[in-house]
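The following blocks contain the structures, represented as structure tokens.
Shared between the two complexes below is chain A, which has chain B as its partner in the first and chain C in the second.
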Partner chain A sequence: MKRILYIILSIIFLTICLKACIKRDIPPKERLNNRILKTDVTFKFPQESRNVVLGGVDYLQSQAPVGKFGGEMVVSTIGEGPKTFNPFTSKDAVSSSMSGLMFDSLFTISPNDGKVIPKLAKSYETKDGKKYIVHLRQGIKWSDGKPITADDVVFTWNKIILAGLGNTSTRDAVVIDGKLPKVTKIDNYTVKFEILKPFSPFIRLISVQIAPKHIFEPVTKQGARAFDMFYSTNTKPDNFVTSGAFRLKEYKAAQRVVFERNSDYYMLNKKNQKLPYLDKIIYLIVGDLNNEILKFEGHEIDVISLRGSNVAPYKIKEADSDYKIYNLGADTGTMFVAINLNPRRNSENKFYVDPKKQYWFSDKDFRTAIDYALDRKNMVQNIANGLAKPLFTAESLNSIFLNTKIKGHERNLKKAKEVLINAGFKYGNNKKLYDKFGNRVEFDLYTNAGNTEREAIGVMVKQDLEDLGMRVNFKPVEFNTLVNKMTTTFDWDMIIMGLTGSPLEPHDGLNVWHSKGSLHLFNQRTEDDKKDDRFTFEKRLDEIFESAALQTTFASRKKLYDEYQQIVYDEKPFIYLYSPVRMVAVRKKFRNIYPSQLLGITYNIEEIYKDKY
Partner chain B sequence: MQILFYILKRILQTIPLLILVSIISFFIIRLSPVDPLAELKLNPSISKETLKAEQQRLGLDKPLPIQYLLWAKSFVKGDLGVTTTGEKVSVKLAERIPNTLLLTIIVIFLTWSVGVPLGILAAIKWKTPFDRILTVLTSIGMAIPSFFFAILMLIFAVKSGWFPVGGLTSYNYDDMNFIQKFFDIAHHLFLPVTVLFTLSLAGLQRQMRANLLDVLDSDYVKFARAKGLSENKVIFKHALRNAVNPMITLLGFEFSSLLSGAALTEFVFQYPGLGRLILEAVLKSDINLVMASLMIGAVMLVVGNLIADILLILTDPRIRAKA
Partner chain C sequence: MIKDIFEGILKDKFATIALIVLIFIYFCLFFAEFIAPYSMNYTDRQLSYVPPSPIFTIDENGKLSKPYTYNYKRTYDEELMQTVFKLDRSKKYYLKFFARGEEYSFLWFIPMDRHLITVDNDGRLYLLGGDINGRDVFSRLLFGGRISMTIGFLALFVLFPIGLLYGGISGYFGGKIDMFMMRFAEAVMSIPSFYLLIILAAVLPSNMTSSQRLTLIVVILALIGWAGFARVVRGMVLSIKNQDFVKSAKMAGSSDLRIIIKEVLPQTTSYVIVAMTLSVPGYILSESGLSFLGLGIQQPDASWGNMLKEAQEYINILYRPWLLTPGFLIFVAVLSFNLIGDTIRDILDPKSKTR
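And then the complex of A and B:
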């Protein structure tokens, strides 16, 4: 009797506890996320900064509202922190962004429309797209007091970038028909860049950072190894001679990087006071996403990028919190299913792709049917928590070259089946799909294990395609194994992949779309493949990419890049799925925050100031 | 003299051991399908020439045995090589080792100075309520996985706001005076030390208790008691000296875990120690860094055992006679 009483009592206790855990006032996540997405994304920017001359010095005057000086901003970086502070040797995003804070580039990008606008340089002019005259600011200085002149620019280009020291990606990009550009000094504040034929990405490429000649010259003479070690993370902060708005104050491995204000910077506010406003920027080095979230909740950091399922709880709390969430619109990341169209044999004379499968994959109708069978809406809702947009184009949704005429389509299983039947495929018993030779349609779908987002997409793609009667063996494999399959052995059928592109420069995708590119995944050739066996649409893509870079007007380039997106959409070697939407939470005490779809939140760090809140 | 000879013999014995450890770990890392250049290969803006240059720089274009010999040659010379990003391995390790030592030494000091007395006390008060309560508490301590406990502690820090969320120092550490610095570090260390302390305390206390109980049950203790010796003398003079041998062996292992023992907790608390560095190195197949840390681990283990053996010789005449 007593025992029964105990049991009843404990059950009552438990129910009361459980009841307390149920929160009724929180709306379902999906509905909330849909509401977040619908809140219109409007981007407003102050007028562009202007060049002004004061006492013989060419300043850059910010047109943003005048703020208060002082205070600090604490941000975070995920991973192990910077590997170097040398902008010319950095190979990872963290090192590049930190050295970018210390060394200014000649030009930067307008947060509004992606136009090239002046930064360290005052202006540029070009008449024929072959000769670029860059005018530098007079009277601005390195942090050790030496003036920044044309000698520094010419030295940086001829002795570092074009000499192949450090990270060679800029050099690789400016090689045109095997020729390097010529960089010469005209006078102390004027530099001439010359190329053989017009190359429209060129002005963005020459926007790179500039090194102080008097510091870097001795190092460049010691060779590549010494250069790679120069300005490493072990260099004393006082030894850096920089040009940026902030200079290094402290680097503590795996803990933080502290930058302090450069008090003699060339940017002014409207009252002609020297920017930046903030005294310090502190990057906390956090190991993973979860820790970053905890640190934001613990008020240790001021800015955080929110992903998928994290957004809803933050949005609920936003109203009575000290942060504001900004919707930056679709990301540059694109997620796609790649189909292996490779018809060639390997060195052992075996086909990379089973000929039976080749027959399906090379059939445009087969690829179209797959495209129509995929349920992008479902993926957006269930994988990205509604915080993404369906994607149908090869350019990302925030690209200034996006082909807006490609509208995409809903999932249409009926149409997909019709297309397959018209192409000669047959349905047997149990709705299984067979090709016209009677082979069961069955193939492998790979992605990299450990990436939960791609794994979830894989499961959905598998289900969607099995609705078509195909049999899909979904195999998440180790990232390196996957890369090896894509770049060396080519023995795969379909892969779920993501590549990041530039929203400003489709030419960056050359390696993917040109038939000789090193990431031409869907029909990868080795260096020994000399025979011209390009598909018709590959030939046209090659032509487009070769000629679009030579066009000098935006309109003529846009026309060509629109065509390339249409071809990719029609031919479907890659079937695009969705683009995630970026959300960033920033503490309200920071002002002059003008979120940009192209550049993010803290691109105008000189103008951001801290107000009392 | 005899002891010196013994130490020398032991050191010579470790050389083949270290070679074997290095060969096994080198080949296991290299044969795993982890490619330090995988991410570069998938970057559309990286040219083939750059990839080839990177392969040469990292020595990936040579056959495996040659790679091993090159590594071994520079290791013997005392050069630990560079990481895949071109930083010196020795510098990277030197940045982290003091932080890890700070954490582990505090923990070991605390656990031993609390755990051993508690173990003795529990053995003496065997089967009393005190012993039973201690048993329950230590069982809880042993049962909670360290990473889980660490996460609970982190959530506690966030919700209460009493403790910083991980790390070792505040960002304005450099502007503090000495006393503020001391308290800043203590503030940051409190939670990780609590986690590690609770977990290792349990094991140590149980071990000490079991050893002493074992000895207390033996004939010579009964004899000493029968002889009319005071209980204190029985326990501290006769029983404890015999019960302490396994603890010394344990101390040797503690020494080896000085650098590696806290890795999991370090990771959860974002502590700037070796744990995070090595985890990332393994994931990126940063061979020089991984090899250096594995070799340090092996050396620490050997040295720890050596120290324990020497201590045993000093404390136990029976072993001295054998050696």
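And then the complex of A and C:
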């Protein structure tokens, strides 16, 4: 009996196996394409907000369509959540964006063209680029009812920013020739900023948030440590005195941050009703990207940023879903291969880079050959799932200073080999590449382990360079080890890295491109390196960055920044690969969404309203 | 005793199946170059994340045919922003057995170019689809398995001699020596191994190849792991050393070390064999865990752990299930080792039999 059972079972098993092997080749019927999808590429913005005076109060009137009041928007933040709510001590993006919601800055930038437009301040004027007169709004108030005046601005600048309290990055950026700007009060609603030389990034730099003097003054007197602890995440929500459209309601560590509407905000809609429309903004703190996606699927969050292969499944479902996907164009992020050109020795008198390798890396032709050998098209296609753009310039593709004359090139192995041979490299047996001293060309390529995207790029770069006859040891290493290599030991050959820049201000790249910069990866100097051993192109880059910031007109700056991009493209200390495209999905029930390449989606949070859907 | 074990395994149905499965896996891994249609790093960039090649045995007219496949053609759908693979039905590629393909060295020294199964040169046979770089997942599974499935045995070679000798000496001499040695072993046991590994990953010189690194990491794991094993051995030795044959060996004037190695330790064999079989799957899992975290085998080398890492993304689990095959193989291999280990324990220690 048992045996019969076994036989029957094995016959069933065999039949299943056989059935799996026999498969009929049936060509699929052509299906009619009836998709009704369209992708927005052109951005339309409402007119800029205007200043209006109503009952002696300077309001800012939004020109966007009038909406409905009420409702909430749930967004998410990946990671641990905010570290502080103090805009002057925040060092990470999450803390900065949350404190940015609570404290308004003097100016902001236009989503359309990146121009500086008024926010907390009413307007500014300057004649010579050295003296800036900033006019404040009359009659607007802190959340505790005290008026916002010139005293607050002067206090914020003189006692917090210029005094070096908290995060000093603004202070560091406004130092010109070793001198700090002078900030003085003219009258209750007018402030004067003075600098020695015209410095074009200045107006953007003074757009920082303003602190209420009557709250912050006692704290600044207690010194830096007390200031760092002030308005931390432990502060009770009721104790915050803020100026923004939203104020903190609840903070639960590692869970959520809830902001509620400021009912006495200075922005109005066209019917002169006080904005913002939304009652609440809730930030959910999620662990990782997968978690965030699941929350979006579960309708727990309303906005999500999508990249690469994550876009397709949402795009397919978009037509009959409750969200809309916006294409924000190329991101500010860049992916590149950095080559170590460092010719110096370390404290033990050993070369950071093997002299044999230095000879190759310092050869412009060698770097050009690498550039021509890289297959950017397939990187974009395979790794970013087509949602990226090949990149050849140091400025990101959405930068207003992008040098559009640099067109880039396709992969061209033949040309790459020609360049190498003309530069004295030789091919031996088995198509292996040797330099003119007979050394096999072999080096290490690093990136941070655990990042699928960069590891996949590394595998491709390795294959591309091995097609040139080079031998590449690809080594994904732990992130901290990599950072240590880049900033301290300098013992690397090539690294696949990514950086983000600002689409509006190339001067933010100073720390990368200036020879004294802290991220001058391709030829990093330590503080002890006093000798001037800059390459010719490094000298020119230094000059460009020093002088371009002092130019006042856009055209004259553009000319200099075009030259810098051309130099980087010609010299190739960094070989740029691609820039990912940013896509954001937002629930359709939210209106007044005007996606901006420069600012993203929720920059106009006051104007966004929730429609019944 | 080996004979007993084998007979025992063959009597147990589950253990027999497990043994056959393991032998089959190791056989495939050993002849990986021959069985795999492509080499580990063979890349076709047009086939990133390509679905598995379909194999047809009945052609479009409904007639039985030699098995054949089609190539996939990649297009990009701008509107849906996704890569679309369609079968290119213009040309059939018949499967060829024992035909010429990529050259390799069979068993590391015999140059050969025959593969178990291939298609014509311009055809692509990706039996289990492609990965992000357009490499054949099936071939990489075979090459990756070599590392994943042997790493456990490497650890055993480090762990067991140390554990046996340490436990043997400690138990045999007893007294203060025992007391001191066991406290030391307990100290070793309380090292938090996972955090040690994360620190090691940062400290280890980066000019090591990934297999060197993994070997070193596993050896270090084994260097921590011996303590628990030594403690059990010591307990067994404590009872063995009072038996008559040990006493008589002492009378005969054998040296202590000789007694430990020749007389005492052989009595622990049954426990050792069971412990060994049961600890192999642990190391297979820890390899996959380490590679998954980015501490073990790194790209472009393959191992089941780092291949599984690619499937980690939400989107890959949903739309590219073939990337999960290494996980399935890890599951099968670990389960098989555990089944065999259990059976061996029952055979060697009939008293503990609960079934």
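Quick note on the criterion: the second predicted complex is superposed on the first by the 573 of 613 C-alpha atoms of A that agree within 3 Å, B and C clash if a C-alpha of one lies under 4 Å from a C-alpha of the other, contacts with A are read in each partner's own complex, and residues count from 1 in each chain.
Going forward, a contact is a pair of C-beta atoms (placed from the backbone, for glycine too) under 8 Å apart; a residue touches a chain by one contact, two chains touch by 3 or more.
Quick caveat, the model's predicted, so the values are computed rather than measured.
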{"item": "Contacts of A:D151 with chain B and chain C, given as first, second, both or neither", "value": "neither"}
{"item": "Touching partner for A:N480 - first (chain B), second (chain C), both, neither", "value": "both"}
{"item": "Touching partner for A:I383 - first (chain B), second (chain C), both, neither", "value": "second"}
{"item": "Which of chain B and chain C A:T452 touches, first, second, both or neither", "value": "second"}
{"item": "First, second, both or neither for A:D529, with chain B first and chain C second", "value": "neither"}
{"item": "Which of chain B and chain C A:D542 touches, first, second, both or neither", "value": "neither"}
{"item": "Touching partner for A:L294 - first (chain B), second (chain C), both, neither", "value": "both"}
{"item": "Residues of chain A that lie at the interface with chain B and also at the interface with chain C", "value": "294, 478, 480-481"}
{"item": "Contacting residues of chain B [partner chain A, same complex]", "value": "33-35, 38, 40-42, 44-50, 53, 85-88, 91-92, 95-96, 154-155, 157-158, 161, 164-169, 171, 174, 267, 270, 272-273, 276-277, 280"}
{"item": "Interface residues, chain A side, partner chain B - complex", "value": "74, 79-80, 83-84, 89, 91-92, 168-169, 172-173, 228-229, 232-234, 249-250, 252-256, 258, 282, 284, 286-287, 291, 294-295, 297-300, 478-481, 483-484, 486-487, 499, 501, 508-512, 517-519"}
{"item": "Contact set on chain C toward chain A in their complex", "value": "41, 43, 45-46, 48-49, 54-60, 62, 67, 74, 76, 79-83, 89, 132-134, 201-202, 206-207, 209-210, 293-295, 298-300, 309-310, 312-316, 318-319"}
{"item": "Complex contacts: residues of chain A adjacent to chain C", "value": "21-27, 35, 37, 39, 289-290, 293-294, 309-313, 315-316, 375, 378, 381-383, 385-387, 444, 446, 449-450, 452, 455-456, 458-460, 462-463, 473-478, 480-481, 485, 583"}
